[in-house]
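Listed after this line are the structures, all set down as structure tokens.
Next come two complexes, and both contain chain A; in the first it sits with chain B, in the second with chain C.
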Partner chain A sequence: MSALATRPAPADGPVRRPGHATRRRSVAVGVGALLVATAAGLAALTLGRLGLALPEVAQVLGGGGTRIQRFVVLSDRLPRVAVGALAGLALGVAGALLQSVTRNPLGSPDVIGLGSGAAAGAAAAGLVWPGAVPVPVGALIGAGIAITAVFLGSGRGFASPFRMVVVGIAVGAMALAFVETALARATREDALEVAAWIYGSLAARGWDDVLLVGAAVVLLLPAALALSRPLGLVEMGDESATALGVPPAHVRTAGVVLAVLLTAAAVAVCGPVAFVALTAPQVARRLTRAAGPGLAAAGCTGAALLVVADQVAQRAVPGTPYPVGVVTGALGGAYLAYLLVREWRRASA
Partner chain B sequence: MVVTAPSAGAAGAPAPAAPAVRRPRGRTGLLAAGLLVAGAALVLAAGLSIAVGARGVPLAAVWTALVAPDGSFEATVVASRVPRTLLGLLVGAALAVSGALIQGLTRNPLGDPGLLGVNAGAAASIVVLTAVAGAGVGRTPWAAVPGALLAAVVVQLVGSGGARAGRGGAGPVRLVLAGAAVSAVLGAVIQAVSLADPTVFDAYRAWVLGSLAGRDPAVVGQVLPFVAAGLVLALALARPLDALALGDEAATALGLRPGTTRVLGLVAATLLVAGAVAAAGPIGFVGLAVPHVVRGFTGPDHRWLLPYCALLGPVLVLAADVVGRVVARPGELVVGAVTAFVGAPFLVAAVRRGRVAA
Partner chain C sequence: MTRWTGATNGTTRGATTGTTTGTATGPAGRAAPLVAERLTLAYDDRVVVHDLTLEVPAGSFTVVIGPNGCGKSTLLRALARTLRPRDGHVLLHGRPIAEQRPKEVARRLALLPQSPVTPEAITVADLVARGRYPHQRVLRPWSTADAAAVGAAMAATEVADLAERPVAELSGGQRQRVWLAMALAQETDLLLLDEPTTYLDIAHAVEVMELLARLHEEGRTLVAVLHDLNQAARYATHLVALRDGRVVAQGPPAEVVTEALVEDVFGLPCRVVPDPETGTPLVVPRRPGPRPAAV
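Let's look at the complex of A and B:
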């Protein structure tokens, strides 16, 4: 069975830098995605039980406004938007990294159980043994265990994405079972709370969450971007990468480590939001039509996806705010099905 | 595949003229005795499931309370736990046998109603119908049937990319992926509907995750016909399923209609899954793990495989339920979470064994 092939390298020499047109497209896609995220973010700041006009929001952001307005915007809505954008960015970049390492769209953190693993770790740190380690560290440990389990369990490392995905489904199921265990022990009855841990949610986020995921992005994004070019070369084959002086194994390890860190940071603040890491890099790649991992565009797309999905989740049914993971789960699941069908068609053509 | 006898009874077998297909007596006897052991394990698991709880009851007292209820407090406790045990029995048998059926029908070693999205389909169907038509309609196994069938078909279509099944159909791993995608969408549907109507779904929150707890005793009566019919049909299909394992052409040559067998098998699997999900919600991995273990000592012969699954499936579910009651005190761990812990490694093992091509 052939793996889902990522876009093949352009025939005219892998060494060439991407043409001006492609690079311009990538920049345009990134900027466009950020604009979409900003628009959705502004909508998030204005809409809600306390409706605000844009000038009022601007006033609050400028230091004015009534106390209630200041509270709603600065303590509730703004951190939620910021967490959504930053976590979406982290997930998008993590997805692009892992998809590039495995050369397969299915090799995403959420498909191979990395997100669920991080959630299990976060639940362990937050609910089962509170105070043992901080929740983000727990998420990191969980994600690390999950990726190790997938790596060892598949028996062939990252060489067989399909195997990896099935092992990932098993690991994800066990991680989810652990989350349920944690919730049962904590005897949390609130359905929304449960759904947030299992599906992922942006409800009730504060500035400490923004700081956490923001710090992770600020620290890790430059490293990821620096890895972008080597990853692009490794995607074209180990031999050509080695010939160009890029050690493929090191690049892959660095890519996986960064992806694990970014996923853990995102999951620590918003739970295992499904399929953003799967879809964002794929959408970005289709829009930019560029070869290579396209980390920046994937990150911007992820930010836009998560902020927009959160708005849809909050506003789709008036009076019933859904956890954002329900929306991304539905959309991402459908997208995964589409990917499978498309690849099968291509294989049989 | 025809079971060629391993050495079990061959050593001193006095009947060298027996056809190669015939199984030597010794093995048959061994397997029959094994069924008794499995039955004993089932009785023990059922006893434990009644005995263990917030207030423990000694196993001997369970027996007395069952055969001669004397109105004592212990007898009341036992009586209140019996429906849950019966439910676990039905659910375990249904899930394990439906897994074996799906594996045999599709020749897919990763066949499991949970992995292939059928559980999620049944659950989504129940949740949606409950929201639309009320609990009277939605809480019956009938409500699970349309969703179970639809999910099974969609997973097959997605797994085979909409292509005709003639090209060898969809590979097992691909079907599991399709199942994961469809389950994700259906899971979102379930969450969306049940969060929108918390009053209706408060009682079923545990059910959505796969649980035997807090079910109305009447559910046992509702589910029983489905599971019983499914089990009878499945056992009747044992021989045709064996023939089907040889391939469609060989099966036809043996005077069998593969199409009929598939349809009947699908009906049986749907009845079983609908019953199980209506009773306990979507519980994964039982249908995968139990047939895999059983095949280890019965071989691929469905005439042994299916009865063993019917006995050992409940053992797994009841044991998982007991464990779930013990490990998470004072809370209770849903049975679906425990079976995921136990069953998921079988998925890894099945994939690693390498027989599973993508």
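Let's look at the complex of A and C:
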């Protein structure tokens, strides 16, 4: 304690906010993820039954190419890639928001039944009572009901992630049962289209889907990013956050509402693609090694995950494309099992 | 409570009233920066503090003592606005704290909570920098003033050498100094501390108390909840004794820490002798059994 009074004031020079290296790494991870997404996107534009070379794709994008080339690229492949990237981004950010609010990786939209709830709402709007409300609104209502059920059912709100998971599994199962009932009653034609809502699929996406999820991202992402620092402070406990002038309850509510909206938008265009929201923030966190919610990196990672997974799903078995949700479900399911075992050990220790 | 309480109740209460009125304002006559006015604090249905009024003298090192469950931490939480009072209010510089903007309050009042949560993977400098949040705006997130405040806070708590280390790797004493640095980076003249030495061994506890004493000498007003009576008596300038959510006595340690009061408040028979190091009251618990002949 003796050297205390004599320690010099910090030297003059460029003023850097502490954590500069961490932030640079976060940016690098985000950019890297976007590059991966772009590469996978280019693969999506060139590969397929109608094989195209990159220059041909460039020609089509520049306004040239044959009619068939134009149709395949502009009406089928490009919107599919765009929906995948935007929905992946929305899910990644939604996952990071909820994981920050619950301070636990298990507090993800897909684990607590939010995605399934949105799918049930979409199925209700699309199949059971067609025309009552637009499908995206149905998805939002479904997501809202699911999060409310989880909030009330866990008894302690968002304070106990493990309870949320248990209740969420029940809510998710009921929601999926509803979706299957809706499918059983639907005509065959409808059912094919809506089957995607069980697994999550990017097949046959159009520009109206791009517009919907794109608008949601453009509107909600700035709000989420503005919430990033307060969320980081709330992670230090309610007392610390309050002492720093951040009202924890308001921040948590805002975080949950944004997560619900983003999840609903993503599910409305591609169904409950499993575990992107769970894994994207965790992968991003491992890479950035940063404190705080890491929303931007999680969003970019989510975009990369979904676009890459869609390519794997389409090309893994030649001639037999699978819904993308099958791939993310298989990968994310293994990760979820790992998390649950870890949480279980911690809870019983 | 215990048989000791009844025997000494009357005398303590009498002494208390005189002390209370004498310390309504600080020694320099400045208005109290922090005032609890007729506070009733409760968790759900359990009332912990009932109709409590307390003034924190300007420039004081106020320490709140009392047995477990007496409401001292609850009181501190209300002063730090992390607990909303059932009734009454807390005045910060004369205005109800609940009516002031949260960030504005955070520029005047900092808190070291009892068990803050260390974010995963955060470094010391990064954590201390979070103390600057109340001074920052969305479009101007970092300034030279922020850098200076963080540097000064880390120097004062001697954690500058640890700046790039992850907080999770530090020892308990180091971690407590880092959290204290974060509170100091807020640059408030009021600092509240909830049992800042509870999880520390005696050497680190003394280190933290000496640091707090120095911060007090530099002009800050401190309010701490402490478990250790002797620590409280040694470092406080204004001592507040709480029992069952009520102020039993307050004033300078020499007036408050008496054998009668310790028996009354803690139910502990003891002797109070002058601390050989500082001359402040030192509480020495008695052994049960026959009293020694000469007291």
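Keep this in mind: the second predicted complex is superposed on the first by the 312 of 349 C-alpha atoms of A that agree within 3 Å, B and C clash if a C-alpha of one lies under 4 Å from a C-alpha of the other, contacts with A are read in each partner's own complex, and residues count from 1 in each chain.
The criterion applied here is as follows: contacts are C-beta pairs under 8 Å (C-beta built on N, C-alpha and C of every residue); 3 or more make two chains touch, one makes a residue touch a chain.
On a predicted model such as this, the values are computed, not experimentally measured, just so you know.
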| item | value |
| --- | --- |
| Touching partner for A:Val167 - first (chain B), second (chain C), both, neither | first |
| Between chain B and chain C, more extensive residue contact with chain A | B |
| Touched partner set for A:Val27, first chain B, second chain C, both or neither | neither |
| First (chain B), second (chain C), both or neither touched by A:Ala226 | second |
| Touching partner for A:Tyr322 - first (chain B), second (chain C), both, neither | first |
| Contacts of A:Pro247 with chain B and chain C, given as first, second, both or neither | second |
| Partner chain(s) touched by A:Arg289 [first = chain B, second = chain C, both, neither] | second |
| Which of chain B and chain C A:Met236 touches, first, second, both or neither | second |
| Which of chain B and chain C A:Ala337 touches, first, second, both or neither | first |
| Chain C-contacting residues of chain A that also contact chain B | 1 |
| In the complex with chain A, residue positions of chain B that touch it | 110, 115, 158-163, 167, 170-171, 173-174, 176-178, 180-185, 187-189, 191-192, 194-196, 198, 201-202, 205, 209, 284-285, 324, 327-328, 330-334, 336-338, 340-341, 344-345, 347-348, 351-352, 357-358 |
| Chain B partner contacts - residues on chain A that touch it in the complex | 1, 106, 111, 153-155, 162-163, 165-167, 169-171, 173-174, 176-178, 180-181, 184-187, 191-192, 194-195, 199, 274-275, 317, 320, 322-323, 325-327, 329-330, 332-334, 336-337, 340-345, 347-348 |
| Residue ranges of chain A in contact with chain C within the complex | 1, 3-4, 7, 9-10, 15-19, 22, 103, 226, 229, 232-233, 235-240, 242-247, 285, 289-292 |
| Touch list for chain C against partner chain A, complex | 77, 80-82, 101-107, 109-111, 113, 115-123, 125-126, 128-131, 133-134, 138, 141-144, 146-148, 150-152, 155-156, 158, 160, 163, 183, 186, 194, 207, 210-211, 214 |
